[in-house]
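Two complexes are shown next, each including subunit A; its partner changes from subunit B in the first to subunit C in the second.
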Partner chain A sequence: MSKKILLEHINVPGIQGYEAYRKVGGYASVEKALKMAPLDIVEEVKKSGLRGRGGAGFPTGMKWSFIDKKSGKPAHLVCNADESEPGTFKDRYLMEKLPHLLIEGMITGSIALEAHLSYIYIRGEYMWVYRILERAINEAYANGWLGKNIKGSGYDLDVHVTCGAGAYICGEETALIESLEGKRGNPRIKPPFPAVSGLWGNPTVVNNVESIAAIPYIVNNGGEEYAKIGVGKSTGTKLISASGHIKNPGVYEIELGLPVDEFMNSDEYLGGMYSDRPLKAVVPGGSSVPILPAELFYKNAKGEPRLMTYESLSDGGFASASMMGSGGFIVYDDTTCVVRNTWNFSRFYHHESCGQCSPCREGTGWMEKILWRIEHGYGNMEDIDLLWEIQRKIEGNTICPLGDAAAWPVAAAIRHFRDEFEFHVKYPEKIKDRNHFVAEPWEKVKHLVKKEEVLV
Partner chain B sequence: MKVTIDGQSVEVEPGTTILNAARMIGGDVVPPAMCYYSKLKGSGGKCRCCLVEVSKGSDANPTPMPKLVASCCTTVMDGMEVKSGSSERVSEARKSVTEFLLINHPLDCPICDQAGECDLQNLGFNHGKEATRYQEGRRTFEKIDIGDKIQLHMNRCILCYRCTFVGDQLTPERCHGVMNRGDHAEISTFIQKNIDNEWSGNMIDVCPVGALTDKTFRFKSRVWFTKPMDAHRDCDKCCGKVTLYNFGDEILRVSARKNEYNEVEDFICNTCRFEKKNMSDWTIDGPRKFAKYSVINQNNYSGKMETVEFDTPDQTVLTGRAEDRKAISMINVK
Partner chain C sequence: MSEVVLSERLQERIKTLISRYPEGKQKSALITILHEVQNENDDYLTTDLMDKIAEILSIKPIEVYEVATFYSMYNHKPVGKYMLEFCRTSCCATRKAEDMMEYTCQKLGVKEGEVTPDGLFSVRGVECLGACGYAPMLQLGDFYHEFLTKEKIDQLIEDCRAGKVELISKV
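The block that comes next holds the complex of A and B.
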């Protein structure tokens, strides 16, 4: 049984309410932080090696230290609860079950940044979670943890929850800030980075829910204690939201460094495949990270076993590995059609592109249309190369990472499953039924697409 | 600060963007820009045409930047080395952006009023492919009427956001903007026929394509058949310095004076633009020289004029031609 940090008290009855949360030691980090110097808290977070849990994995302490405190402008802490990545639902679980943990992290984090006005930006689809958070904030105000002169320390803090209107792009930090200001959620051009000029031109830190929820433990127990968990630069615990063809889907808290094999197959975690069908592919970090075929999943290209860490999952680059991402773990068995899956992801990015910069606006729609053609039996061989070229031209040329996120799944699908694309082009009558691989698994039809034929 | 672009060095002020530094050098090193407009604050960064490769960050930190950067919103560092036209990566990226911009563009240049002075046309000539790889239907929008002076052709729009900056920065209240998102994002107004501000006509000048055109000039003439002339009048609202597009002594269109990057020198008001269409309203300064390479540039007066011999057995054609020449000539203009 591994150490639980975030979900330690998940089974305490009434933990959603203030009384039960306080009884198990809640808000202790705020009491401690009020007595500490703000820079010491930042130092502790730096020591902990906590990395951003939203997807990019940027060290949180480092992000906090970029805040320009000399400018004289008020700083803001913004919590990014706009979790919209297909396959990721860890933040929802955390906020539903432990709203006070997030509030506590927000208060402690705001003390560290000397912020007096902080925001939680939650996606519009999480309306019931919004209500849970509002209730928790009201309880925190009532008990003197928020508002003027918190617990007699002379420190003031207000936390507001703001609802988005259902745009994936508002999870990008500068688009989130724009949306928070009441504008159209278009990502800003960087630099300036939010740490210099963010919300209303003030220095701002935007952190994921899970990163902020880890702050109370770090402040209570010290950064070194947190850094003991995990391997190398991947410290602490991570929430993984697992879905797909597995026995036990759900949200798991794992210690980073857990072998992928154990996470996948032990009964404590996912419990293996839900039926006797073999594993085909895994998306280890939410829809925007490259898909991994089964043969590269348990072991990397060098044959070393893969671990659940930021480094190990991306060991080998995009050619033979993927990314930790936001922890949306999607498992596919051999009845899945990778082309259909890629088309589905592509449709999502087409729908969610903000339309600001041309490669993403035009390219995502184009890719979706081509993938639709291939999946529905109207594709040709040139389309596969065209897709490859389009994704290559979107990647890296856009304002924000959504362009990259749209390009990577398509690139990885073609890289690892090109023969399936070719099968779709060559045998349109076989794939007319949307469940074509359920009726006739890939292994049975694989021989129809031979590598030699492709070379001719 | 010293910056080197494609091997040519230039001294610039701190805070200058790479694009503006390149414009100081001029010539082939200048990246194309579809959305950046030096007169509009905050514009740029969207079209991704002006991507350049930074092969050396600065003297202090010489590591090259891993990604291509948008030159219009990246400021130069001392000792920076930039590859613009000379880099294979950059020309690949420009080609692909051109392709992306053109897949949903209607390519109705033969009936578009902007043809001949269109930035997208020039971009297509310089960086485009001969054929398209796009098989699907092109995106279309429902037609809306945004006002009695300006025609909106949303199908042609490349979403450079320049016109929204005009609304923000020249008019007291912007009443148009971008609606929806992704590839169905469109320039639109909440209330139709609503754009009537005195400065709104500048949207036409800043539009790089034919999405916003002058209703008083629509379908009157191809722009290369007109004779562009600099003129001015005393205007109490604006500078009053304009370019007239004449056909004979008839003023077909009035626009602000544009420089070689198709940017206006000074914004003009709607009275000058739409209402002063008599030659008596204006004092002529002289013929307009176009520095920019464009179809309209064929109409300049500075180069050597060659006599074109035109022969056909059909005499009516020749008669018509002579009549046209008389009509277009400015012999009656004082």
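The block that comes next holds the complex of A and C.
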């Protein structure tokens, strides 16, 4: 069994409530933090090597140190619980089961940033989780962990939960801030970064649920202790949301550095493929990261075994690797159609584009249309090159990274599965049924494309 | 001035929500208030309701409309009392989400986006709801129904007809 930091107490009866949480040592990090100098807390987080768990993997301690304390404006800690990246459902699990862990992290983190008003922004669809958090926050107030003069320290802090209403883009930190101000979720142009001008123009740190939930352990045990877990710059534990064609879908806390093979196939984790069909591809970090074909999944292009770390999953760059992302681990077997799946993702990005920049607004719609055409047997060969051109023109040319997130899955699908796109164009009668690869998996028909290439 | 009268519970709730933001930043409560108002008014927002919210928050009606039309959870037309929202994104699609939605539409005799003539049900396809490992799934009111099968859908519809299904989670 690997070490559990976040989910250690998940099976304690009643852990959702205050009493049980306090009994297992909950809120100790707040007591400790109240006696520390705020900068020393930031220093411990830096030493821990904790990297943002929302997707970008930016070092949390460093982000905290950018907060503009000289401005004289109030600072805010904002928890990003928007969790809408397809394949990701870990934050929900953590908040549902251990709401007080997040609240403890919010308090300890706010003390480090010298913030007196902080928010948890949760996606509107998680309304029942919103209520769980609301109840837990009320309990924290009732027990003196929030409000005026916390535990006689002289420190005042309010934490509230606030919600969205169905918009993936509000997970982007500046769109989230706009939404928290009661506006449409249109990302802001950066700079200024939120650390300088965020919520209501005040210095603001936005962190993912899982990042904030790791703070109590780091403060209680010291950053160095946390950094002992993991490999190299991938320190600590990570929650992985596993879905798709596997035996045991669900949320797992792993020590970073776990071999991909062990994660995928041992009974402690995913238990291998469900219905024992062959693996076709994996999207290891949520819908935005490149899809990896089976042959590049367990081993990198150099033939070395892959590990569940930020570095190993991206070893080889986009040519032969992917990214850790949000830890949304989606597994596909040989009955999956990559074209259909890519169309599915691009429909998502088109739907979720806020529409501010034309490459994203127009490009995502255009890609969706072309992919629909190919998947439904109306595509031609030029469409594949056109798709490639469109994704290339979106990437890097937009206000926020949603544009890149829409482009990368398309690029990776064409890069690794081009022959499957060609098959769709050449054999429209073979893809009429939407489950075309269930009856005849790709492995059985791919020779059709390959053979013709030899003849040409 | 809007003629709409909100229930006393709702008025109290709105006060609590507004108190969570600093003085002058009451607009921040807008998105949460819209949810609560929609919940108490047949699940859709009318111009009257939105004008009322603008009045309460001392903001311009357009500031409410632009938000209410940006976010996908707000409805502007009547929907079924029981709105079955199926996730159709990749992880659910690999686990037969499309079959489940088709089955439900056929069973209820509606197309995606339509309401049954008795006003009881509507069916809608939506994007990832954060239940990917428990696919296929649907959302009904505040709650998720996961690992769906045809039998589970039959049972759920029966329970809705019998008035046995809660839609709003407890505060």
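Here, the second predicted complex is superposed on the first by the 451 of 456 C-alpha atoms of A that agree within 3 Å, B and C clash if a C-alpha of one lies under 4 Å from a C-alpha of the other, contacts with A are read in each partner's own complex, and residues count from 1 in each chain.
Throughout what follows, contacts are C-beta pairs under 8 Å (C-beta built on N, C-alpha and C of every residue); 3 or more make two chains touch, one makes a residue touch a chain.
Please read these numbers as outputs of a predicted model, since none were measured by experiment.
Q: Which of the two partners, first being subunit B and second being subunit C, lies in contact with A:Tyr332: first, second, both, or neither?
A: Only subunit C is touched by A:Tyr332; subunit B is not.
Q: Once the shared chain is lined up, is A:Ser241 touching subunit B (first), subunit C (second), both, or neither of them?
A: second
Q: Which of the two partners, first being subunit B and second being subunit C, lies in contact with A:Thr398: first, second, both, or neither?
A: Touch partner of A:Thr398: subunit B, not subunit C.
Q: According to the contact criterion defined above, which of subunit B and subunit C contacts more residues of subunit A?
A: Greater contact footprint in residues on subunit A: C.
Q: Now for A:Phe421: first (subunit B), second (subunit C), both, or neither, which partner does it touch?
A: In the superposition, A:Phe421 touches no partner, neither subunit B nor subunit C.
Q: Check whether A:Phe345 is in contact with subunit B, with subunit C, with both or with neither, and answer first, second, both or neither.
A: So A:Phe345 only meets subunit C here.
Q: When the two structures are overlaid on chain A, which partner does A:Tyr21 contact: first (subunit B), second (subunit C), both, or neither?
A: Once the two structures are laid over each other on A, A:Tyr21 reaches no partner at all.
Q: Would you check which partner chain A:Tyr226 touches, where first means subunit B only, second means subunit C only, and both and neither mean what they say?
A: neither
Q: What is the contact status of A:Ser358 with respect to subunit B (first) and subunit C (second): first, second, both, or neither?
A: first
Q: Quick check on the superposed pair: does A:Trp128 touch subunit B, subunit C, both, or neither? Answer first, second, both or neither.
A: In the superposed model, A:Trp128 contacts subunit C only, not subunit B.
Q: Could you tell me which stretches of subunit A are touched by subunit B in one complex and by subunit C in the other?
A: Residues 167, 184, 351-352 of subunit A touch both subunit B and subunit C.
Q: Taking the touch rule as given, give the residues of subunit C at its contact with subunit A in the complex, in rising order.
A: Within the complex, subunit C contacts subunit A at residues 20, 22, 25, 27-32, 34-35, 57, 63, 66-67, 70-74, 88-91, 93-95, 98, 126-135, 139, 142-143, 169-171.
Q: With touch defined as at the start, can you tell me which subunit A residues reach subunit B in the complex?
A: 167, 169, 184, 189, 350-359, 361-366, 369, 373, 386, 389, 393, 396-399
Q: What part of subunit A is in contact with subunit C in the complex they form?
A: Subunit A residues touching subunit C: 83-89, 91-92, 117, 123-128, 131, 134, 158, 160, 162-168, 179-185, 200, 241-245, 249-251, 283, 287, 328, 330, 332, 336, 340-341, 344-345, 348, 351-352, 434.
Q: Would you pull the subunit B residues touching subunit A in the complex into a rising list?
A: Its residues touching subunit A are 44-49, 51, 67-68, 70, 73, 92-93, 96-97, 99-101, 103-104, 133-136, 139, 158-159, 161, 177-178, 180-185.
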